[in-house]
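Naming follows writing order (A, B, C and D), and every chain is counted from residue 1.
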Amino acid sequence: MSDDTHVMSTTDRLVYMAHQIARNMAMMGEAKATEALAEHLTRFWDPRMKAQIIAIAQDQPERLSPVVTAAVARMAQGRPAPQVDAAQFNRVDEAGHCDAG
Amino acid sequence: MEDFVTEWTARHGATRDRLLPLLHAMLEEAGYIDDALVPAIARALNLSRADVHGVITFYHDFRRTAPGRHVVKLCRAESCQARGGAAIEAAAAKRLGVAMGEVRADGQVALEPVYCLGLCAIGPNALVDGRPVGRIDAAVLERIALEVAA
Amino acid sequence: MSFSRETDHGTPPVLATGKSVTLTIDGQSVTLPEGTSIMRAASLLGGSIPKLCATDNVESFGSCRLCLVEVEGRNGYPASCTTPVAEGMVVRTQTDRLKQLRRGVMELYISDHPLDCLTCGANGDCELQDQAGAVGLRDVRYGYDGATNMGQAKDQSNPYFDFDPSKCIVCSRCVRACEEVQGTFALTIENKGFESKVSPSQGEDFLGSECVSCGACVQACPTASLIEKKVVESGTPDRAVVTTCAYCGVGCTFRAEMRGEELVRMVPWKDGKANRGHSCVKGRFAWGYAQHQDRILNPMIRASVDQPWREVSWEEAIAHTASEFRRIQAKYGTRSIGGITSSRCTNEETFLVQKLIRQGFGNNNVDTCARVCHSPTGYGLSQTFGTSAGTQDFDSVMQADVILVIGANPTDGHPVFASRMKKRLRQGAKLIVIDPRRTDLVQSPHIAAEHHLPLRPGTNVAMLTAIAHVVVTEKLYDEAFIRERCDWDEFMDWAEFVSEAARSPEAIAPLTGVKADDVRAAARLYATGGNGAIYYGLGVTEHSQGSSTVMSIANLAMATGNVGREGVGVNPLRGQNNVQGACDMGSFPHEFSGYRHVSDDATRSLFERTWGVALDAEPGLRIPNMLDAATDGTFKGLFVQGEDILQSDPNTHHVAAGLAAMECVVVQDLFLNETANYAHIFLPGSTFLEKDGTFTNAERRIQRVRKVMAPLNGYADWEIVQLVANAMGLAWTYDHPSQIMDEIAALTPTFAGVSYDRLEAEGSLQWPANDAAPDGTPTMHRDGFVRGKGKFVVTDYVPTDEKTGPRFPLLLTTGRILSHYNVGAQTRRTANTAWHPEDRLEMHPSDADNRGLKDGDWVTLRSRAGETTLRALITERVAPGVVYTTFHHPETQANVITTDYSDWATNCPEYKVTAVQVMASNGPSDWQQDYAEQARNSRRIAPLEAAE
Amino acid sequence: MSRVFVSRDMASVALGADDVARAFAAAGCQVVRTGSRGLFNIEPLVEVETEEGRIGFGPVGPADVAAVLDGSHANRLGRIEDLPFFAGQQRFTFARCGIIDPVDLNDYAAHGGWLGLEKARALAPQQVVDAVKASGLRGRGGAGFPTGIKWQTVLDAPAGDKFIVCNADEGDSGTFADRMLMEGDPYCLIEGMAIAAHAVGAGHGYIYIRSEYPFCVATMRAAIEASAHLVAPFVLEVREGAGAYVCGEETALLDSIEGKRGQVRAKPPLPALQGLFGRPTVINNVLSLAAVPFILSEGAEAYAAVGFGRSRGTMPVQLAGNVRHGGLYEIGFGITLGELVNEIGGGTASGRPVRAVQVGGPLGAYFPPSMFHLPFDYEAFAQAGGLIGHAGITVFDDSVDMAHMARFAMEFCAAESCGKCTPCRIGSTRGVEIMDRIIAERDITAPVRPEPVEGRARASTSSARTEGGYLGKALYSRAPDRIDVSIEAQTNLLRDLADTMKYGSLCALGGFTPYPVLSALDHFPEDFGASAPVKEAAE
């Protein structure tokens, strides 16, 4: 990690973000962490960011840890994010999932 | 005096009901309570400066200015008036050279009013530097004047 | 002039304890809760007993003696304010004897009161004047040559109100309001008897005293003794409009009292359910910015940011905006533009901006400033509880037994709620404060935290997990609650994880710097002390582990059964007046209104059918990613409504670089803010006084904002967004915000039951408000969690990458001060600068000594990201090794210091932990000087005729 | 080597008792310092122990040691209890005062001390309360509220912290019974409070003593320390006042203990339910609590047997002011005012005729000799437009100017008003101004009386009359020169003011100040320049 963060390029930031998320999911165990990271990238990263991280995984694999590499691969297969059962809201009739408040 | 406050509260407690006992202790220690000490008192008892100022200014005893070297508290209540208290008060003011309720210019003696010392059958009475003196007449007044001159 | 003042029943309402009492007053029978005063009973019956020292937001006092009544079978004349009703009581309030006594009391009052009613500021709005009339005083036989308190000097030190002791009737309403309502105890009565006098602190002037200028005493004063300067200057108001304050997330409701089109004063509304008739210095007095001469009133455009602005017509500006955005999309692609909604505009305006972006721009590149404050709350609470909002209403604090405040400084950030919390603490609730600083809640008059855990910045998760360790290992958890409301196995996994020795208070002590026994004691108190309520703020969210911290808070609440009833809960203290609303309205790039993901086909098709356009299923860019994309050249256009990302967002250089790389930045705001230095189009905005709409406060309460004066800039903000939308070909035809709210209700399940008519009737509604909860939801998760079972998320401490070292040995954390708000754009344009004219760097004496620094010295504050200078403030409030500052003044540009590190889940910047070095300096740094020069240069507005 | 007894009471010391004691000690006697017997014209008093009991000599000086020891001294009084002043008394509460060494636990036990507490501890709390009810004891502070009912309310209040508070702020002029008892028999008060604590379940007790009683503060603190083990787990603490008379009002006293300004609280809530620190509190006067040990040790009937009408038991009356035999006379209710002033008090010390007596301190009414038939009883005095108060009787001879005494009553109220309620805060100052006008008007038509000494409160003497100038016209009906300053108008205004104060004030300070003012005006109209024949002024 370069000492001077403010010159971090976009790709540096994406690599850093992916690993930071992975570090904070590590306590779930590798399998769960990979699945959670893949779902996180799918739900919150915009197409350009997804494309850039997939490119890095192909061109510069050494920059990504095993968990990150696996997660990016799963996200890349484009499996649709797990369907959120809309009906579930109506029964309890309150707000659904969200990531930010 | 600020450390007097912290030491006292450390020993006697720092709840709000310790305010009057603390102020009495400060009177004994320094003779009066300087406004500059109010913040320290407020901090020690976790009160606002307004709380402390309100209490100090309410009670007659908590003087905010240095007392005279000697303090003569002359009783002005009815029983002493019935035994000639008013005349003795006028005479004392003249003899000691200080108006009632004031500290003499040279700071030597203060003449203060007090409403009843509980010596109501032997008036006119006074507390001279905390010591009770009864049946004050011209002669006794003279003795008091000499004593406070020292 | 008929000016309906709110009826003052004289004594506070009584909590209905079930038992009620029937009595007759002046022949009329009435049944009321036990404990109600005779005065309140008579007032509720429509009668009026004279009163001066009684007012119904403070306890009865019984000093003026005007309200005497006769009670059959009781001798004497009891004061009706201090005498509770009793079964079968027979009361007479208007006998000749009472008239005589009341006149006797009034004659004494007026014998010591100036006779200048006709020239007095309170003429026509003075209770003494009213009561003198009511009791029929015709003569003052005591004459006017006796002793008097008149002729004293007036104290005009406070910028907003005057204090005239000569008109004081020593009713102590001000002293009691300062004590009971605000909880600052800054006022007392000094001396006694005839010399009694209201005294701020030690008989000082108001500005120099402990007064925080909340205005409660001015509101409580029955005469002109305490009166707003504006009322003295322009006369008493003649009409009132109820609206909601545009400052912090408490959401206080006010009566905007007008004199024609001129706002005379803002007085807290007694029926406001968030503030219950209280206010702070900002909402009550600091509204002058609305008419400040810095307000930009005409649209302006310029080809490039180094040219002066050129004023143009609205038509030209709007058309130019539309054409520029279309041009950029044609050249760089649909996703090359985006927008930022404001947490200070109304729900309706925020909804329209995200609709403009999704329907008009055709992408999801919309974000909001909640990104930099409570985005981790949304993520954390939705993962654990299933919804992104606080669980309680503000009233709930009055039933808390243990209050845990972590990473929040309510007395500065949410003062009106802090006053209610302090009132509860004075009633005996216990307080735990987890904060690197000795905030006022740790120790201030009449308030003392049972436990203060001064942890090192950035170690929240370690601390909370250690508390969980104690709760689990000492079996203090609420097993019945967990089994019924959560997934037991998930709990067991979590319990096992937190029970490990590495997470014990002893293990983390060297990390957090807090003694293990204090942590254990605090944990036991929270778990076993009765109703446990947690309140937290940006000190929790603005970390690299913000989301993990929120989840560990939720874990603690679930483990101890402190969710789903009054007096408990997990309560984020939201920063801005409509940050909750901004999030509800779908301002985030990955979700529609009501927190439904853009990839969710059912929801997206509902919006597509309603808006008649295909919508992007992929999440859009967050602000930091927009700026990255801009420097990469793939993001060229930005529409910013009511936000100043250059000053409020971290790593100013990064933001500046991003903005500079864009071809069209549109800023819609009241003033030329720092972001406008890089803008090409400026659309003048309107203040909360100039438009209708709704705000949603931190307790999910939707409240009306009502227009009290015509917008100086010509349009309300929602009208401007509609103009842009129409110019981009969208057929919007709203002619009143209520129609926008109807659309929101139709599209958002949690807002289904919300409408302007319902808000008018109920005063306010807390979402979810729909068929399942017709009257709104004060307390959430009553029966089940929104997501069904409460989820325990295992969280572990991951140290931030922002490390101290020899070059940067100290840790900087940032925060807010009472007199200023957010970036200070509004409060710096009011008299509030009297309290906080500049940002100061708080340093511990030991850190200052070994750098040879004294209080007030100019110091340079440097981090890896940048450097600025400001003056030092030496205080014990911060621990050794920790420094603190605010970011209210652009001159200091505190955010040039903060780094790019952010929360792993939401990218909420890590404002609270920055490794810095502090050294003596001789004044503003060169960067500050260049910046100031550049800002001045870019604010030039070419005079009309010279426009090229 | 003979044993002699010399009083250490503040009044005795004020008259030189310490010098006398030193002289006898120097002469080799064993000197026992006691409380005062309670008759001040024979102080300083020395009692010498002999086979036929203790023989008193008084007043004596330090030079009279030899004459006293050989019995030849002119002021030989014989046995003190045989003197008429003492023989007629019924000393239930003051039995030991002047006899024992105040802080000697054995001396106290030897004279029936702790018997009441032992008996009380053998009874259930309710039984102790019943005994106090049966005794008919009523508040000796002045309110006369039945003590047993007050204790019952506190006993019935929900469990939790409860307090016993002793009101020792005896600020009334002419009263010193509390002082004498605390200095002379402190364990009696402590025992009474311990019994109260047992009766209502209180753990902590406070004695609020005024700062003008330094000897009391010292003696009570010493006695509390010495007897702590006997009253445990009940804990007692002395709290010193600070010169505010209003803190004699029970709720102001509670606020003062709580560390606040001594302002009067509105009632309800009653202190018995929400008193000190908001908890149920028994708050009684020194004499009420000091009467309790006798009631428990001798039985309620013995106490109730004495008295008059609904005023049961004894009242320690205090004779003060211009009286020959000033002192403490504990007697059952019913004795008449005349017997107290003339037979027991012996008329005025100055030898001049008694013109008026004030009963019940500065807020009590003035009574002319024509009302000396009144029996000492709460109800009788109330009907006669006065009050018993703390049973202090201040005697005035015919040199007294009742207009000045009425002025002093208003001035005292102005000086001591807590400032909370309007009738007292503003009314008292206006009252002084009215009296100044009456006295000024009266003195124009009658020889000048001695100039009244300016009181502490700023009373106005000058009246800036504006002879109808612009201000006069502008103020119109309220212009100073339109105010009717005639004696008749000012007297009517005084009565109206008194009515507002009496029925409007929040507490007895403002509420009772009209007693001395109106009784002086009603019974001595001549001093107010009223139309009644003006008595030629005393020379």
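The criterion applied here is as follows: contacts are C-beta pairs under 8 Å (C-beta built on N, C-alpha and C of every residue); 3 or more make two chains touch, one makes a residue touch a chain.
Computed from a prediction, not measured in an experiment: that's the story for all the values here.
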{"item": "Smallest number of contact steps required from subunit A to reach subunit B", "value": "2"}
{"item": "Centre-to-centre distance between subunit D and subunit B (centres being mean Cα positions), rounded to whole Å", "value": "22"}
{"item": "Distance between chain centroids, defined by C-alpha means - subunit A, subunit D (Å)", "value": "85"}
{"item": "Length of the line joining the C-alpha centres of subunit C and subunit D, rounded to whole Å", "value": "57"}
{"item": "For subunit A paired with subunit C, centre-to-centre distance based on mean C-alpha positions, whole Å", "value": "34"}
{"item": "Multi-partner residues of subunit D (at least 2 other chains)", "value": "244, 261, 415-416, 418"}
{"item": "Per-residue overlap in subunit B, given as positions that touch at least 2 other chains", "value": "47, 51, 54, 58"}
{"item": "Interchain contacts (touch definition) - all pairs", "value": "A-C, B-C, B-D, C-D"}
{"item": "Contact set on subunit C toward subunit B in their complex", "value": "184-192, 199-203, 209-210, 443-448"}
{"item": "Subunit C contact footprint on subunit B (complex, rising order)", "value": "35, 38, 42, 46-51, 53-54, 57-58"}
{"item": "Residue numbers on subunit A that touch subunit C, as the complex places them", "value": "1, 3-6, 8, 10, 13, 17, 20-21, 23-24, 26-28, 40, 42-49, 80-81, 83-84, 86, 88-90, 92-101"}
{"item": "Complex contacts: residues of subunit C adjacent to subunit A", "value": "335, 364-365, 370-371, 374-379, 381-382, 386-389, 497, 544-545, 547-548, 572, 580, 583, 588-591, 594-597, 599-603, 618-621, 624-625, 628-629, 631-632, 634, 651, 653-654, 749-750, 768, 770-773, 777, 780, 784, 786-788, 794-796, 798, 801, 864-866, 899-901, 904-907"}
{"item": "Of subunit B, residues touching subunit D in the complex", "value": "15-21, 23-24, 45, 47, 51, 54-55, 58-62, 73, 77-83, 86-87, 89-90, 100-101, 113-123, 125, 127, 130-135"}
